[in-house]
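Every chain is named by a letter (A, B, C and D) in the order it is written, and numbering of its residues begins at 1.
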């Protein structure tokens, strides 16, 4: 790999890790505005994380090694994911090592560890959360993969960089299949990031919570890492979405560092809009019963498959 | 002079048989059996694995033993395909034999010596299946395999369910064998020569070759557990002692896959595209079925058995895809798919044996098979738990372990289906891919349930507190298998390169140069389209994890306080508040309601002191297919029974009428 | 019947009588008269054998004629009489099928037998070839009789009558089998009769009747 | 020559001897000894025939070729092992008070007599004598079947007697027709009934007569083979007689009857140019297989069960001989051999099992393996062998038969296989619970001898994996003789 490639790789990773909490903060702020509450600071997530790091960790009795290592593994997996999602430029050497399918695999890794850790303590809520998480995952994961497949059928490749290259830098073409995929992707990312209407990050109401139920027992640095990882996940999803459906402005491999840097403000803009939209959706829609979730995600899955079929039918 | 691989394999078979015979000498001497026979068997297995690994890619060798029928002596042959499966058999058997040396205790069932005899006969039969080169020796080995495994399944024959399971198993195995025999009878195409050699050279007319293929699919499907011939599998696997379940699931099912490959791609020349469609559909239905049913099981071995059905389904679907590609002359894609299939076969052998053996250890430590009574074992038996975790992740298809690689390859194959001539097929492939992915995701669900309920949480029963960790032998066997899973995961390029000769042999095209860009990367077609490097992923993840750990430690204190679980501040938590297996599977049961036939649902009343919720689930197929068949057969038999109705003058009338009829017929 | 030598006409006559007797047995209800009819059959059989022996100058046929007389006219009927006395079963034997139907079937059988025998007898070298058809017919009639009787003794008599038919075929159609064979056959029949005798008593002491309806337990 | 005399003489003398002092304790030993001498003589005879080729002795009255000598050897062997088995078995019966010593005397005498008649039927060259011997065999066994004098055994014996008697009578008629056809060519005296003589002139024999004769012969001897729908006597006789008798009945008598049929078939085939005889035999064979397979699932009595399985296997063998040709005949011969060995072994185990449980009902015999492992394993292995499970020999012959059928009559193969599958399910579903599970059996007063069982099974296993070259050549030769 070239030095430039290595540089852009590190840069994008750094940006992801650094900006992820900010994105969360932004979404919360927008939501607060939309629900006309007084908004918390944009940097609240950073403060929370710092505070949590400083605290003494409390570990429940009967917690095994899985419980303790989980936060690190999840965080690691999310970093890996961040390293293969082109946010600024498609010049990502690491993307050779893991393609779209591996990306989904990494998400699955994180999910499974979270679920296992949640079951580790042996509390009612822990296993409840784990069950629901896996349940959501078993429909969301295929849907996401189908979305990625649609894109990779268009570009004839499963490596995200190539996909984005094709989408961004070929002569403009209309891909009807992407429309289906886009809708599906939105629904999946709502579910995957524990957002309304599937989950509600802002509550500990046992009937509704999924993600929160799993991490009830976590505290201090563990919790900090988990929160950070969650933020990273949101960031990754947003970047995937942007890269697949609004790839304009992402620098190509050969463009050099100016282009890469030039892409940065555009990315921030896109993320801001995306976050606002997310907040809007969350405000407009109501939390659905947990057993509505399969229908919701099933729809997403079918839409994605439809996209694939449309793609086969009309040809890419 | 140096003995040839084939001779070595034959020697290994003989050695296994000899070890078995030794078992007969001192049937009740447990020490002798467990300390001597099983380790010896393991040694032979290792040797076999080495020979198999060596023989892959070498020129085929064949020989004729002066056994069997006078006109049809035993023809034996070893080529890359059989060598690969011999490697698989040896590698799996080595671990399982090692485990068995620590596993078998004296019980009121079959005495240990006899068990050792059946066990090694089973191994020998499987090896013989793999090197058989004519119909007779194949059938002999095949049925001997079925018999030996049947007796192993019924080791604890005092338990009625086990007897029933064994019977079901043997009957379905026999039906399958009949189909296989018919298949060979078709394959010889009137030449009357039943050596595989002549079948290879035989060109069958289309209809006949289709018949042969479907007979093979039925016959081998019955052994592999393809719908709707799967019903014996979830009965027999739990019934058998765990090493045997591991051997059946890890190795024996693969023998069926071997047979299917052998017949489809070698003995039949020229495949038709729609066979592929059928196999693909059947496989995916089987896979989905297996996954869904695994999700709602509450017996850990049943759960694993269903997951075996699922994996077999995936494999068969892959084979279907291979047929599809090969019939359209897309040999490169066919090669990739076949690689994926074989890879998955290998993976399944490793992680499924690992998991079954782990359940064996759990079973020994707790005397408990039902998930509802386990839990928290990671504290009592850390070795088994952590090694089982590897298996769990591997089977759930998580990078960078081995399960992911084969699924990745298979998905690549699905994804890069170029537009095939049939639009219908083009429509099918994406749907198939979707089904495959769905199955994979369900597997993750299932395995989390399995692992979480068995090893994590708090013990659901008091007696679990006395569970002891696995012994020396069992541990080492588990370690070995887990290492296998990791290695197969992180060095895919080497494995695919190793498998490649089989592509060359069955497809006639090599896929490896494309598959293994270099030893680090796995890149089918070319690196731009898709590439994957498990090792790098592993390194990066581990690196990031360690890095964060050190940083966090460096910047902040590492203080930890142990406290009772918070759990939203709920008071009085008992282990009974955790999800049971039923509870965990409940969402799936709700989503896939129509799949199941709820046998009985036992709801607790408010006044129960120790309320239990349990659901017994059964699959429709038994009632839709088997029960009617049985009833029909009984009806016919009853009708035929009227012939024999005891009255002598009626009997006389029979013979009189026969006489008259014949005489009339003569004139 | 011009051109046919006298002895042949005799044999044909006896054959006709044999067939007649067979029909009579088919129709007969009373056990004792059944036995007598059987004996009469034996007489006819012996006569025909003797005539054949005389005509074809085969001395060993005299022997078989003698055998017939001893066995089928004297010994077996005597045994049967004794049995019937000892077991006192002098009842009327009503068949499973009523007599007219039986006769009807019998006639059909005779027609069938003749048709069957016709092509064969064309090839026969012997003059008395037409008797073959009669032999077959009587065999079949006795078969029918065995089927229709529901008591043990008549069934056995039917069995013996069947042997008569065979014997007749052997002697008249083919001028007798080799002596050793005939001896063997005769011996077998004798032994069979003795064993049957034993059986009757055993059956009697088990079921205190000779009705075959007791012997319908073993099914399927 | 001298061997023949010993082979035939020993059982005859033995019968006389045992008739005289049959109720002594050592009678059983005499029985064994006589059978053993017969076996030795049979072996000697076999060797001679294999070395010197066919024998035709005592003014052509006895004819021995490699076909019937194989059956002679088999008969002598199974006769011997059965005698071995019956020694403890009959002791136990006596101890259980089911038999008096007077009955034992009858049993022993008749056993030897039965052996004699079978050997005579096999060795004679005279179709008439063949018939006589068959009838005599029936008579001898009738008394054996009714040995217990229970109502059931009497009924069985009666049916056996009447049905086989009638059947045999048909056979006699067939023989007469043969004679009738042959005397024109061979002259009235002597040769006209000698099989060799007939065989020499078979091409000139009158087709119409022979075809009718064959019908009679087939119906006649077929009754004794137990071909459906003439089989009805067979289950009763097997189930109600003492077990050694069941063993020899299905192990040997059926073979002898089939042998007679095959001899006749050879003649008829020679004279007819049509496939009449072949089709007839194949039809009967197939029908028997299917019917037996169907009825197997209805059986409650274990000996009855295996009687039906005998019908099935005789059907298979008949089918094989019907197809004809070297391979099919070879297979048929092999099938007769392995079937006799396996089935008699099974009856040995079943007999003792029934004694242990005090009943023959499959539902009431349980858990043999736990009380007497040898017995249990013997039964289950024997059953699997008879059901055509590799690596046992029955599979070898069935494989060959199916293979040939695939070549000759492809449509028959699936039918056969379906029947075999059904038979497998029905039989095994009944045997498995008998062998496994909690036991119901008692101890036996006398220790049963398991040697015959395992010797037989070992032989069958060997034949499945390896047919010794000399045996292969021998049977090939025989197969060629049958044509």
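Everything that follows uses one rule, which is that a contact is a pair of C-beta atoms (placed from the backbone, for glycine too) under 8 Å apart; a residue touches a chain by one contact, two chains touch by 3 or more.
Because the structure is a prediction, the values reported are computed rather than measured.
Peer 1: More C-beta contacts across B-C or across B-D?
Peer 2: B-D
Peer 1: Rounded to the nearest whole Å, what is the centre-to-centre distance of chain A and chain C, using the mean of the C-alpha atoms as each centre?
Peer 2: So the centroids are 102 Å from each other.
Peer 1: Could you please state the distance in Å, as a whole number, between where the Cα atoms of chain B are centred and where those of chain C are centred?
Peer 2: So the centroids are 71 Å from each other.
Peer 1: On a C-alpha centroid basis, what's the spacing between chain B and chain D, in Å?
Peer 2: 44
Peer 1: Please work out the Cα centroid separation of chain A and chain B, and write it as a whole number of Å.
Peer 2: Roughly 36 Å, centre to centre.
Peer 1: Got the chain B residues that touch at least 2 other chains?
Peer 2: 641, 644, 648, 652, 659, 663
Peer 1: Could you check chain A for residues that touch two or more other chains and list them?
Peer 2: Not one residue of chain A touches more than one other chain, so the list is empty.
Peer 1: Among the residues of chain C, which are close enough to touch at least two other chains?
Peer 2: Where chain C meets two or more other chains at a single residue, that happens at 116, 119, 143, 146, 155, 215-218, 220.
Peer 1: How do the chains pair up in terms of touching? List each pair.
Peer 2: Touching chain pairs, listed by label, come out as A-B, B-C, B-D, C-D.
Peer 1: Give the list of chain C residues in touch with chain D in this complex.
Peer 2: 58, 116, 119-120, 123-125, 132, 136, 139, 143, 146, 152, 155, 159, 162-163, 166, 169-170, 173-178, 180-181, 184-185, 187-188, 191-192, 195-196, 199, 202-203, 206-207, 214-218, 220
Peer 1: Show me the residue ranges of chain B that touch chain A in the complex, using the header's touch definition.
Peer 2: By the definition above, chain B touches chain A via 375-376, 378-379, 385-386, 389, 393, 396-399, 404, 408, 411-412, 415-416, 419, 426-427, 429-431, 433-434, 437-438, 440-442, 444-445, 447-449, 451-453, 456-458, 521, 527-533, 536-537, 540-542, 544-545, 548-549, 552, 555-568, 570, 573, 575, 577-579, 583-584, 586-588, 590-591.
Peer 1: Considering the complex alone, what residue numbers of chain B touch chain C?
Peer 2: Listed in rising order, the residues of chain B that touch chain C are 641, 644-649, 652-653, 656, 659-660, 663-664, 667.
Peer 1: Contact residues on chain A for chain B in the complex?
Peer 2: 53-54, 56-62, 64-66, 69, 72-73, 75-77, 79-80, 83, 94, 96-99, 101-102, 105-106, 108-109, 111-112, 115-116, 119-128, 130-132, 134-135, 137-139, 141-142, 145-146, 149, 152-153, 156-159, 162, 204, 206, 216-217, 221, 225, 291, 294, 301, 304-305, 308-309, 311-313, 315
Peer 1: Which residues of chain C touch chain B once you look at their complex with the stated criterion?
Peer 2: Answer in residue numbers: 96, 112, 115-116, 119, 140, 143-144, 146-150, 155, 212, 215-220.
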